[in-house]
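I've put the structures underneath this note.
Both of the next two complexes hold chain A, though its partner changes from chain B to chain C.
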Partner chain A sequence: MTRMILLTLKESVKERAFYGTLIVFLFSIGLYFIVNSFTMFEPERVMLIYSLSTVEIISLLLVFFLVFTFLNEDLSKKSLEYLLSLPIKRWEYVAGRFLGISLSGFVVLFVTTVVFFLMHYIVFGVFYFKMFLHIPLIFVMSMMIISFAFLLINASKRPVLIAFLVLFIYAIGINLDDAVQFLGTKKAASIPYFSKLLVKIAYYVFPNLSFFDMKIPISYGIGINPEHYVLVLIYGLIYTGFIMLFAVILFNRKEIK
Partner chain B sequence: MKRFFLIGILLVFFLFINRTFVPKISRYRKIQKGEAGLFLLSPDAEKFISLDYEGLRSFWVTLDLRVFLATLLETHPYFPKWAGDVVYKAYRVASFLNPYYFDIYYIASLNLMWDFKRYSDAEEVLKRAIQYMPRNWLWHFFLSFEYFYFLKKYDLAAEHMKIAAKLKHSALLASLAARLYYSSGRTEIALSILDNQIRNTQNENWKKELLKRKKALLAVLKIERAIEMYERKEGKKPRTLDVLVEKGYLKKIPQDPYGGRFYIDKNGNVKSTSNFTEKRESENGHE
Partner chain C sequence: MIVQFEDVEKSFPLRDIGGPRQKVLRGLSFYIHEGEILGLVGLNGQGKSTTIKLMLGLIYPEKGTINIFGKEPGNTEIKKKISYLPENPHFFDTLNAIEFLHFVGTLRGLRGNDLRKKIKNMLNIVGLTGNEKKSIRKYSKGMVQRLGLAQAFLGRPEFVILDEPLSGLDPLGRKMAKELILNHKKNGGTVFFTSHILEDIEDMADRILIMNRGRIVKEVQKEELGGRSLESVFVEVIENDKNDSTYS
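After this line comes the complex of A and B, so read on.
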């Protein structure tokens, strides 16, 4: 499995998506100074939100692109048959690819966070260590997203469809908590019962990715309860573990022609 | 080499097309924006489309609002009334997305208060700011100012000024709070604030100033008590302070340490011609 992880990491570095992400990152550094000049009060807070958002966007973009690229190569270009003809087990392929993409995402997440952390120090003269609290959250969230991609390769051979479904799950997961909170307000009184029920079912089925959004509490240094933080990470890890377990079981049974 | 050449051509093309069209299109957009305001959905919908980036969206909405207001002033001599709705809506969206975002409360409260005379909306903005930033003295200060200057609610103004003074550890704000309590007819509270401030102030000059104000308020309190006794016994309010001396409720009219003269205003409150400011100001016509 280590070989598979290393192979995925090496391929990731060679991918165009990786360099595309690097260009986006360089742009975002330039944009940092522009956004900073547009803030009125508390620029350090606004720039923290900007930094954390950018780090998240960049690492998620990379993960999405890598998942799509690898699935495209493995499924469409028949590399999967070649890989499976090598002396590696099926579960090693799935786990190796999964961990390889996750680690690539983690490296980018860590490096971009460190760069923004240093920029924050250069511009505002403060080492804001709480920025690093964001890394595990986004790392676990991206693992959840990647795990869904590996679950879905058992359902479809079309990488575009898988990528679309993963994006769909991401969009739902991000908004689920807000949707449920909205249903609890008076404004939602006119919404049909069936729609409410659907949202509630989705709430307990789809991953609640909005739990991982702690950018505002981290930036303002408020409301970060250690228990809450750890609970969110445990939730993400267990969810990912289960999805990957299913993905491996289904992939072992999958017929590959 | 060929690749760089292609990139160069692309850059020239981008420059050409933007240089030709952008100024013309943006002129129309400016007019359109000035008339239509900002395009904002309801706060819930905005949160939904912001995905995971509410903080950034909140910053963007506020920036849009600032551009909108600046653009509007280029085409209008003063803000049109309808623009107040845009400010209020932008506040609702931005503060919903990031309730800790300082800028939106600042811009919305001041614009709604000064430019659109929407005092209850400004009050709502400031109260929400206090809810999320309870340790920031500025919101209490602004709210106090609104109550005092626009709404003439002196007691509420005094309450918030007192909190602002406490949060900022400011003797000046405490002194203002005492003045507001005095204006709202609560001289005893004003005196207790001053006492507390005198005890905690290290600066000797400032302490001297506070003692002078305390002396003035003690004089006011003495007159107010005499008026109360007069009202109880005579069943009516005295018209002038001289009546109180004539009837023996006061030995003499106390002296105003600021050099003014005490009198009873049309609402029955004790006032001084000095308005408790230094005498040179009253001589310059600041009464």
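After this line comes the complex of A and C, so read on.
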């Protein structure tokens, strides 16, 4: 599996998507100073939220691009057929690609956070270590998203469809908590029972990605319950584990036509 | 015996999801001996690629048995003894030839200086010296095919499976590929390959299997050809099989 992880890391670094992400990152650094110069109210907090949001967008963007690129190479261009003819077990392919993409995302996540951490010190003169609390959250969230891509390769050979479905799952996951909270308000009284039931089912089936959004508590440095923080990470890891286990079981019997 | 197919059947659905299935292999039986070069010929869509995919454990038979080195296909230990060159290969195009061959070599158990020497030697044989640091993305079709041959013979695997190995190669490349295949046999290796170009099969194979409608319709030993060309034998066999309504 190590060879598969290293191959994926090596390919990731040489992918155009990687350099595209780097350009977006450089652009966001320039924008940091512009946004800061326009901010009148609580600039330190605003810039912290800006930094954390940018780090999240950049790492998720990279992960989406890498997932799509690798699926396109492996499924459409038939690299998968060749890879599986080599002495690689099927689970090693799935786990290796998954971990390779996750680690590439982690490196970008870590480096961008460190850069924004230093920029915060340069601009505001404060080492804001709580920024690093954001890294495990986004890392686990991106692993949850990537795991779905590997589950979906068992259902389709079309990378565009898989990428679209992964985006769809992300969109549901990020809004799921808001939808459930809305159903508890008076405004939702007129919504049919069936629709409410559907949202409740989705709440337990789809990944609840809104749990991982702790940008505001992190930037204010208050309201972070350590127990809640750890539970969210454990939830994400267990969820990812289950999806990956399911993906590997299905992939072991999949026919590579 | 390295490979044994016995009464293998395989079908695929005609549509993406469900629906009727089309039989691709109908009771396919053949074997491959150690140290021989076996050629498989057949018209398009007669099951040649399906046979290779079954051999590699990429797909599974519905009926019959397949044994490779005495075990089921897809076993990782067995795959260490096998190499495969797909038709129209696509390798990891962000890597360069050295990085790619290094990846393949380490999977075959080669390490350090020995691996580096073998990679250098193989790149020289296939004529990619000078282009080894160029990203595979920038290779022409013929260069990718040469790289495919280099990975197939790297570390001298016991059993080499080649799907259209001469496709996209210029005359010098074809000569090089033929020499690689014949040398592999000289060194005790076994080669199984498919080709549309019957002359190539005639030049290299010890034994030729003619496949039609999902089964072997004729097995030809090279000596049996006598003065006849493989093409005339092939046409005759396929024409005769057309008139046989058993499998239609």
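Heads up, the rule we're going with is that the second predicted complex is superposed on the first by the 257 of 257 C-alpha atoms of A that agree within 3 Å, B and C clash if a C-alpha of one lies under 4 Å from a C-alpha of the other, contacts with A are read in each partner's own complex, and residues count from 1 in each chain.
Quick note on the criterion: a residue touches a chain if its C-beta (ideal position, glycine included) is under 8 Å from a C-beta of that chain, and two chains touch if they have at least 3 such contacts.
Small disclaimer: the values here were computed from a predicted structure and weren't measured.
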> Now for A:H228: first (chain B), second (chain C), both, or neither, which partner does it touch?
Replying inline: neither
> Quick one: chain B or chain C, who's touching more of chain A?
Replying inline: B
> Is A:K14 in contact with chain B, with chain C, with both, or with neither (first, second, both, neither)?
Replying inline: second
> Thinking of the overlay built on chain A, is A:A171 touched by chain B (first), by chain C (second), by both, or by neither?
Replying inline: first
> Of the residues on chain A, which ones does chain B touch that chain C also touches?
Replying inline: none
>> Which stretch or stretches of chain A touch chain C in the complex?
In response: 3, 7, 10-11, 14-15, 73, 77-79, 81-82, 84-89, 253, 255-257
>> Quick check on the complex: what are the chain B residues that touch chain A?
In response: 44, 47-48, 51-56, 59, 63, 66, 98, 100-103, 106-107
> Where on chain C does chain A make contact in their complex?
Replying inline: 12, 53, 56-60, 76-77, 79-80, 82-84, 86, 88-95, 99, 103-104, 106-108, 135, 161
> Quick one: in the complex, what on chain A touches chain B?
Replying inline: 35, 38-42, 45-46, 49-50, 52-53, 56-57, 171, 174-175, 178-179, 182, 187, 209-210, 213, 215-216, 219-220, 222
